[in-house]
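So that you can tell them apart, the chains are marked A, B, C, D, E and F in the order they are listed, and the count of residues begins at 1 in each.
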Amino acid sequence: MPMSDLEFTHLDPHGRARMVDVTPKEPTHRRAVARCKVFMKPETTAAIANREVKKGDVLSVARVAGIQAAKRTSDMIPLCHPLLIGAVSVNFEIGDDYVAIEAHVDCVERTGVEMEALHACSTAALTVYDMCKSADRGMTIGELALWEKTGGKSGTYRRSSEV
Amino acid sequence: MPMSDLEFTHLDPHGRARMVDVTPKEPTHRRAVARCKVFMKPETTAAIANREVKKGDVLSVARVAGIQAAKRTSDMIPLCHPLLIGAVSVNFEIGDDYVAIEAHVDCVERTGVEMEALHACSTAALTVYDMCKSADRGMTIGELALWEKTGGKSGTYRRSSEV
Amino acid sequence: MPMSDLEFTHLDPHGRARMVDVTPKEPTHRRAVARCKVFMKPETTAAIANREVKKGDVLSVARVAGIQAAKRTSDMIPLCHPLLIGAVSVNFEIGDDYVAIEAHVDCVERTGVEMEALHACSTAALTVYDMCKSADRGMTIGELALWEKTGGKSGTYRRSSEV
Amino acid sequence: MPMSDLEFTHLDPHGRARMVDVTPKEPTHRRAVARCKVFMKPETTAAIANREVKKGDVLSVARVAGIQAAKRTSDMIPLCHPLLIGAVSVNFEIGDDYVAIEAHVDCVERTGVEMEALHACSTAALTVYDMCKSADRGMTIGELALWEKTGGKSGTYRRSSEV
Amino acid sequence: MPMSDLEFTHLDPHGRARMVDVTPKEPTHRRAVARCKVFMKPETTAAIANREVKKGDVLSVARVAGIQAAKRTSDMIPLCHPLLIGAVSVNFEIGDDYVAIEAHVDCVERTGVEMEALHACSTAALTVYDMCKSADRGMTIGELALWEKTGGKSGTYRRSSEV
Amino acid sequence: MPMSDLEFTHLDPHGRARMVDVTPKEPTHRRAVARCKVFMKPETTAAIANREVKKGDVLSVARVAGIQAAKRTSDMIPLCHPLLIGAVSVNFEIGDDYVAIEAHVDCVERTGVEMEALHACSTAALTVYDMCKSADRGMTIGELALWEKTGGKSGTYRRSSEV
């Protein structure tokens, strides 16, 4: 694909940053799903899992952090449009040496919620890191990606393969 | 290492979330370095690079976003202590199919700035994603990790190998 | 009423926190009225009243704080939906040993403004406390309750009696 | 006590609001404890308690909300000084027809943390209300009071009796 | 014009501050344009201009600051309604001894975006000041004014002459 | 003065934005005074003045807005260091066709409070504009300047003449 086919809608014809105009669009239902993983020692996942059996606090705090982050995405990402989140959920799966995070965001707006879903995932992941870092400083966060989006002019997108 | 050696300082003896007490510590100089990568098509890195030659706006906006995020880390990560950032810088390196991001944060405080450096990186990465997503929706963010920390009771940490 | 009739809409079937989906609803006019009281020494109410005659600053600052808090409710209450406040007013009545606060909030949204009205009241009350605490540290805030809500599927609610 | 003995330190000699000057003070260790109650139907406390046995989400979300609110007190209360919280904990006790909330806040600063402890309590209480309101709209929040403060020129304060 | 013709819609009949009710209005397309100038030494404008040729950072950072400020106007201006910005752009012109700033804001809302355009300009101007103040402390910001607004019941306004 | 004498401390040697390192500095007492004017029709100043005699709400709301803005300066100005304001006051003088605003800010920090004083002034001015704009859309804000700063390595600065 030649580069001229790439569209950078956040840059005006002179290359200056701007927030693109969404006012001509009608509000429609939008949905996005994003995922990431926090890679860690097996001892750390075991400790989180055991805590979860007892109290679930690491994932419970990370869930709240992700939900709140979804609401404040446009505060943190400069060219992201403000919008009113209609629903958010953040869920976790504990693997041998990782915690997987998935965020779903819905709204009825003039623009999509991809960034909100990604921001919810990354903030939940950073919260897991923060709560476990005294035990495992070498954790890494990765595979943060958009898995699905629906609604809007560009239609449906589904990630076809593993990251 | 047995699990009982792991310390989860954000959980009290009953497993409930709390912000750990740093008031007995003296403020000392702290520093942290974090890195991550935004993986993308070569056409996208080329487009960013060319823009950068002309105006540099993608990386320039991402840099500002990362700097501001460092300052607001404790707003987003629930059990993270508020602190006064003394210095932040966010830098980029453009590879064939990725943009690498590195954030340095310094302060004189009772607690470290690891989360601030990681948050600066992840927010800069999400900003790159946001600005390029109309051209390349399949980008992923990965290898977000702490590379160095100095200061504080736990002393110096340096990541020894590739993520 | 058996417990199974209680609905906890913020908890999903597995008891995990989530922000409930309001996207299937149509925006309609919503209104809520909340009230609370700051109980204090008669000397303190007298001082506020006399100041008000002159400058009104305690109540004037508390009114601004309540109005601003209404706008930021979803920032502070984790599972509360963001919405665009259409109108807010915060009013006061000075009794012998209390200041009564009433907040009215209106909007045209997919969800109600009960939390916004309660948050406006509690923040105005805390501001009264903050401004008077050097003179009367024993003040208490109480009787914070929803007095009326209209609009939405659940219809009109009016509190029938004294708290 | 004659009114002239009351001190309203947030008002300047002309009755205008201002943030009082704390720069001449030295930072010292400060601590505050505040409490409040959310009154509700016995069915509601039972439901919260049972959920807590299983997942604890209502109180877990409210705990996170209270901790975050403590950090952002000066954003919400206009004349409150910004300060760096050194520790926060928020705990709950479930009675027959109420949930009691207690917040502890510590810092090393030029001003006290009474407002931070009160704000943590009131935000945790509003979060309990928000999460249970679909089942019990008549809940009230009350008895929000400072129970203890230590540190600073005005010394130690302990509330001597029931609210 | 007699004073009684002046309308202060933010004050209720008793002179108390309130946020006026916009819920009876229908959302329509609104637009506002504001401008201001940062007056400075010719050496300072030359330095900014030269930097811009190379990297453009002063104006690039100020542009991002202005865009973000537009989104957060109702957080800073107490009686300003929250709204969802649909588009923002911030542009600069470098004169001999000033930098001129112009902000355009669009939305589809029940209330206008004049304050958002003015807030974007003033925040961009303060950012220019902040970035250059080590070299030129005597800069002043002036001529901040609304130049155009369209949409809404009060219709179109265009500033007819120089400030 | 040759341009090479100008120092742009927010730009690193490659012209990239960064937050300069203040960690080597010791905290000292800092103070800044800034001023600006809101120019308006004489009828508007008369209306504000009369309101002030009665209730003072326009200036009272603007004062609160300015105080709160001072606390949040580093949120809005990207390269501005976060710091803990120790005192703020915002005062007004009503002229024939303007309202003059003066803000004083004090702190004990590693960096100065010039931006905080300027931000308090500009936010108070925008609040005056917002509250009066329905009556006088042609108001302009100008003469925003630093009038005094003390403390820090660069010592005392006093503006020598009219803007």
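Everything below uses one rule, namely that a residue touches a chain if its C-beta (ideal position, glycine included) is under 8 Å from a C-beta of that chain, and two chains touch if they have at least 3 such contacts.
Remember, predicted model here, so these are calculated numbers, not experimental data.
Counting C-beta pairs in contact across C-D and across D-F shows that the higher total falls to C-D.
Over half of the residue-numbered contact pairs at A-E are shared with one candidate from C-D, E-F or B-F, namely B-F.
Each chain gets one centre point, the mean of its Cα atoms, and the points for chain C and chain F are 32 Å apart. Between chain A and chain F the centroid-to-centroid distance comes to 37 Å (mean Cα coordinates, whole Å). In whole angstrom, the spacing between the mean C-alpha positions of chain A and chain B is 16. In chain D, the positions touching at least two other chains are 16-17, 55, 57, 60-61, 64-65, 68, 72, 78-79, 84. Residues of chain E that touch chain C in their complex: 12, 16-23, 74-75, 78-79, 81-84, 109-110. Every residue of chain C that touches chain F in the complex is listed here, in rising order: 55-57, 60-61, 64-65, 68. Per the touch definition, chain C reaches chain E in the complex via residues 29, 60, 63-64, 67-68, 71-72, 84-91, 106-108. Those residues of chain D that touch chain C in the shared complex are 1, 3, 6-11, 14-17, 36, 43-44, 46-47, 50-51, 54-55, 57-58, 60-61, 64-65, 68-69, 72, 76-80, 114-115, 118-119, 122-123, 125-127, 129-146, 149, 157, 159, 163.
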